[in-house]
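Here come two complexes built around chain A, the first alongside chain B, the second alongside chain C.
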Partner chain A sequence: MDLRPKLAVFKFASCDGCQLSLLDCEDELLALAASIEIANFAEASSAVIEGPYDLALVEGSITTPHDADRILEVRRQSRVLVTIGACATAGGIQALRNFGSVEEYTRIVYAKPSYISTLATSTPIADHVKVDYELRGCPVNKHQLLEVISAFLNHRAPRVAAHSVCVECKARGITCVMVARGEPCLGPVTHAGCGALCPAYDRPCFGCYGPKELANPAALGEWARTALGADAATVRRQFQTFNAWAEPFRTEGRRDD
Partner chain B sequence: MTVPSLLTTADLDRLIRMLADGGYTCVGPALRDGAIVYDEIGGVADLPAGWTDVQDAGRYRLERRGDGALFGYNVGAHSWKKYLFPPAEQLWRIPRATDTIRPLTPPQHPVRHAFIGVRGCDLAAIGIQGRVFGHGEHGDGRYAARRDAAFVVAVNCTMAGGTCFCTSMGTGPAAGPGYDLALTELVDADRHGFVVDAGSERGAALLERLACPAAGDAEIADARARVDETAGRMGRTLATDGLREVLLRQLDSPHWDEVGERCLACANCTLVCPTCFCSSVEDVSDLDGSHAERWRRWDSCFNPGFSHIHGGEVRNSTGARYRQWLTHKLATWHDQFGTSGCVGCGRCVTWCPVGIDLTAEAARLREREDSA
Partner chain C sequence: MTERRRIKVDYLARVEGEGALDVTIDGGQVTDVRLKIFEPPRFFEALLRGRHFTEAPDITARICGICPVAYQMSAIHALESACGVTVEGPLRTLRRLLYCGEWIESHALHVYMLHAPDFLGVHNVVEIARSQPAIVERGLRLKKAGNAIVALLGGREVHPINVKVGGFYRLPSKAQLRTLREQLAVAREDALATVAWVAGFDFPDFHRDYELVALRHPAEYPFNEGRIVSSRGLDIGQSEYHDHFEEHQVEHSTALHCRLRGRGHYHVGPLARFVLNHDRLRPLAREAAASAGLVTDCRNPFMSIVVRAVEMVQAIDEAIAIIDVVELPAAPAVAVEPRAGTGLAATEAPRGLLHHTYRISADGLIEHAQIVPPTSQNQATIEDDLRAFIAPRTGLPDDDLQWQCEQAVRNYDPCISCSTHFLDLRVTRR
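This part shows the complex of A and B:
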């Protein structure tokens, strides 16, 4: 009898990038397969082993009535449910629809809007079911993904830091683009995880990992507009990307001029 | 001590090479990505000749000086802390064995660094961290080994930056004790040299091997005058008289939450601070559980989880975290380690992405008390 825990990967509204991070773990994939039974992972194999599953990785947001039902079933089938990526943890880039009218969008985009069955909003998985752990990022960092799986296998807490991107930036000795070049950077309000990838390439943080604990985008926006002379629309747009629907980015992205 | 020597830039280059030949990894100021950082240097050619930095709260820019000065700037975001107390360090690793648990510590051969261009504030900070990590029974042996192995070439500042206030803290602009060699740069239209004096036996020995002429009285006086003038040009000041008591009386001030409205709790101030020493210790294991490692990483009183105990976070607002930082630095550090935790380097002021200035906040707290 196979004693390995069973892993399943489920996809909702998303680009597949986060699941692909798992396939990207080339060097570790064999060790992974030895430690866990990959029971349901459509990107890797069409063979599906039925649930229940010990660990479910859920990618994507809820945007259709059908998916809103399907996630309930996934939850029922999964002992531990971990959401991965900005779509699943915050609603993703597609949550920009939440600020507009989906009806209007479907009229513009589709020849026969009546064929489209969709919700008015794109929402994170945790709005629908209990989530045991959220792994942030757009996409997630594959090392962090492995860390979460390895923590699960070894019955310990994942070692995923919740501080700002600035902490990673300073640990790497990167020169701050905000202070040394005057470019508004989302690093100080953004959850770490990428290893300060963008500042390492001399450009400000995009906020892929979403708001950190005690994020203060209002103060950052104020400084960007006053001390750095950025225009209000640019600052607003900085908050309206992959994590636009996550508070407090949501509020700051809608600030009046 | 011995009589100061007078070095040319070529002599300084020889000095760096002699240190390298003696087995030291020489690190010093270098231009990288629009800033002056500390990195490995091979000689004088790697130093930021002719560059200076212009600093203010939340702002740092490089500019040309119009001369060839090698040390004509102040401190950048990096401090020597990154060499003595690295941002991440493996403490031990442990392979799974059936019988015993035997942690393996990484080999203890510290790199011998020669620090070229340590300012007074930073030398004081190295002294403070040395006391924090300690040499005693519960001392951090790795820190002590790295510090003891380091050769320090200090630079007396002949200009002060926009966020400097070492004069207020009594740590500069002349480097205090703890250096092996200290140099003062003399740069004019018709001359470029360094008055160098030794602060240790190994410094004196190196100076002797360099065999440079003794500095004349005029040069020594000139060097001293430049450093003295610098003391009057600080970009910031901090009134330290009774500051500890002022802050401790203000623990319930609404001011902390007012700063909390502006502060991002991003931790930059603590990471650039050359005296901040907090770290977290974390364990990692691999997928099949056959190998575990324990790492120490820089942490900060601004980070989530830092004050987490059973039941939750002790300091769960940004105002409370700022209060912890400021009162530890400027007040309770005295009780804990016998000095201020601030050396007046100005890094936390410059590298705060929203320009929060601890000298201004301390002054505001004093004013609030006076006007209450």
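This part shows the complex of A and C:
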């Protein structure tokens, strides 16, 4: 009998990039597959082993009535449920519909909107079921993903830093793009995890990892508009990307509406 | 007595995204084939409206985690065209290098992890590793080499952050580029071994009279530029795309189907690129194709796995050549000022032609966006393939038939996340 813990990977509305991050662990993949049983991972295997599962990784947001039902069944089948990426933890870029009208969106894309079954909103998994851990990022950091898998399989808390991108940026000794170049940057309010990637490539952070705890985007937005002279629409758009529906980005993205 | 059989695959595995297959056979005749795509709509073309044109590469990357570079490349070329800017010289060459990286990682993923298990009669790559670990390690090395290029030039493997309308945000140093060279030299040998490996697979005797469509460039195997040509004489500029191609919605798919006006379904992807551009392959890739027994007018979609392996040789060999000779430009990007206008561009994503159209305002806001991904274009052709493939094989037991049908779908490396919900229906336009 196979005594290895059973891993399942489920996809909802998403780009597949976060689950691909698991397959991008080229150096660790075979070792991982030896220590756990990959029981249900449609992108990687045509064999499905029935649940329950010890660990479920869930990618994507809830955008259809069918998916709203399916996540309940995934939860029932999963001892530990971890959401991975901005779609699953915040609703993703597709949550921009939440600020407008999904009927209009459907009409823009489809000639026969009546064929399309969709909800008015794109919402994170935690709005629908209890989630044991949320790993942020668009996409997730694959090293953090391995850490989270190891942690849950070993019944310990994941070691994932909760500070801001600014802290990572300072630790790398990167020149501050906001101070040195006067460009509005989301680093002070964005959750760490990317390693301050954009500042390292000479561009401001655009918030892939979503709001950090106790972020103050109102103050940052005010600074961008006044001290840096950015126009209100630009600042609003900066908060309205992959984590637009996550508070407090949601409120800041609506300012001046 | 007539017998009614139904082959149903409720959730296609080893593809990117959510799809299903439903085949009905009535009295030995195939009466219905549906590649059902139920991937939920994400409405990119709607949410792009009102965004600044400089945001398009970051936003459209999120359409697909496997080929984000393709989306970024089509987006920046279309937007540069709208703004009247052409990016040339070493910046153009470095974009080509980045695209090489994506082809390598995407093709390695598909060849080793998604498609080879079909030919070997197993469910996944982990099962291959049990009996042939060295082969799987070779595939992982290849994938890692492709990802190393994307990570250096793009910042990270999935959703790169360094692609900009006009060029890049930051250039790599010559020393950083040279660090890739040793890894790529090993990868080139691995890719040649991959060609020999997949050439030894058993291929069903199955040939289709496709109209093949791909880009064609005067001197290069196509990535970012070229005219849109077909095996039946189509030869048009990228801006003429909508005059010749159209999309239509079917009830069983959230991805729109595509056809050539007045001509019908067509086939995009590695097989089309190879047949239409084999004379543009680098000598090493051309020799690899010949040694694999790949004929230059190949129409067997199951052989696409061999073409992908040949294209890995091509992309790695080209990447090495670029690293050896490229001179870094003085600035990471050229300035691009918005102006009111429309821009269209197609590039060759790993899965085939990817066309973007944008209309922007004088202040640089996107007013209209239309994106035609390769899997949308291939959907109807995949259904046609299945009809033709099943007809002489209706005597097979259900399990065998289902296995082979799934394999036939995976010939296309369908990216369902990409293909869903893109296209404006334009049938009524003219």
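The rule is simple: the second predicted complex is superposed on the first by the 256 of 257 C-alpha atoms of A that agree within 3 Å, B and C clash if a C-alpha of one lies under 4 Å from a C-alpha of the other, contacts with A are read in each partner's own complex, and residues count from 1 in each chain.
To be clear about the criterion, a residue touches a chain if its C-beta (ideal position, glycine included) is under 8 Å from a C-beta of that chain, and two chains touch if they have at least 3 such contacts.
Fair warning: this is a prediction, and the values are worked out from it, not measured in the lab.
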Chain B and chain C placed together on chain A: clash or fit? fit
Touch test for A:Ala227: chain B only (first), chain C only (second), both, or neither? first
Exercise. Looking at the overlay, does A:His163 come into contact with chain B only (first), chain C only (second), both, or neither?
Worked result: first
Vertex chain A, Cα centroids of chain B and chain C as endpoints: angle rounded to a multiple of 10 degrees is 110
Look at A:Asp127 in the shared chain and tell me whether it touches chain B only, chain C only, both, or neither; answer first, second, both or neither.
neither
Check the residue A:Ala13 against both partner chains and state whether it touches chain B (first), chain C (second), both, or neither. second
>> Quick one: is A:Ala171 in contact with chain B, with chain C, with both, or with neither? Answer first, second, both or neither.
In response: first
Comparing chain B and chain C in the superposed model, the one touching more of chain A is C
For A:Asp202, decide between first (touching chain B), second (touching chain C), both and neither.
-> both
For chain B relative to chain C post-fit, closest CA-CA distance rounded to the angstrom comes to 11
Interface residues of chain A shared by chain B and chain C, listed 202
Interface with chain B, chain A side, in the complex: residues 28, 31-32, 34-35, 146-147, 149-150, 153-154, 156, 159, 161-164, 166-167, 170-176, 178-182, 185, 187-189, 202, 212-216, 219-220, 222-223, 227
Residue set of chain B touching chain A in the complex reads 32-35, 37, 58-61, 76-78, 82, 87-88, 261-268, 271-272, 282-289, 297-298, 300, 302-305, 317-318, 350-355
In the complex, the residues of chain A that touch chain C are 11-21, 23-24, 26-27, 29-30, 33, 38, 42-48, 63-64, 66-67, 92-94, 96-97, 102, 104-106, 108-112, 115-116, 118, 122, 138-139, 142, 194, 197-198, 200-203, 206, 208, 234, 237, 241-242
Per the touch rule above, chain C residues touching chain A in the complex are 11-18, 38-47, 49, 51-52, 55, 58-59, 62-66, 68, 109, 113-114, 117, 123-126, 129, 133, 136-137, 140-141, 143-144, 147, 155-159, 161-162, 164, 169-170, 248-249, 251, 254, 256, 332, 406, 417, 421-425, 427
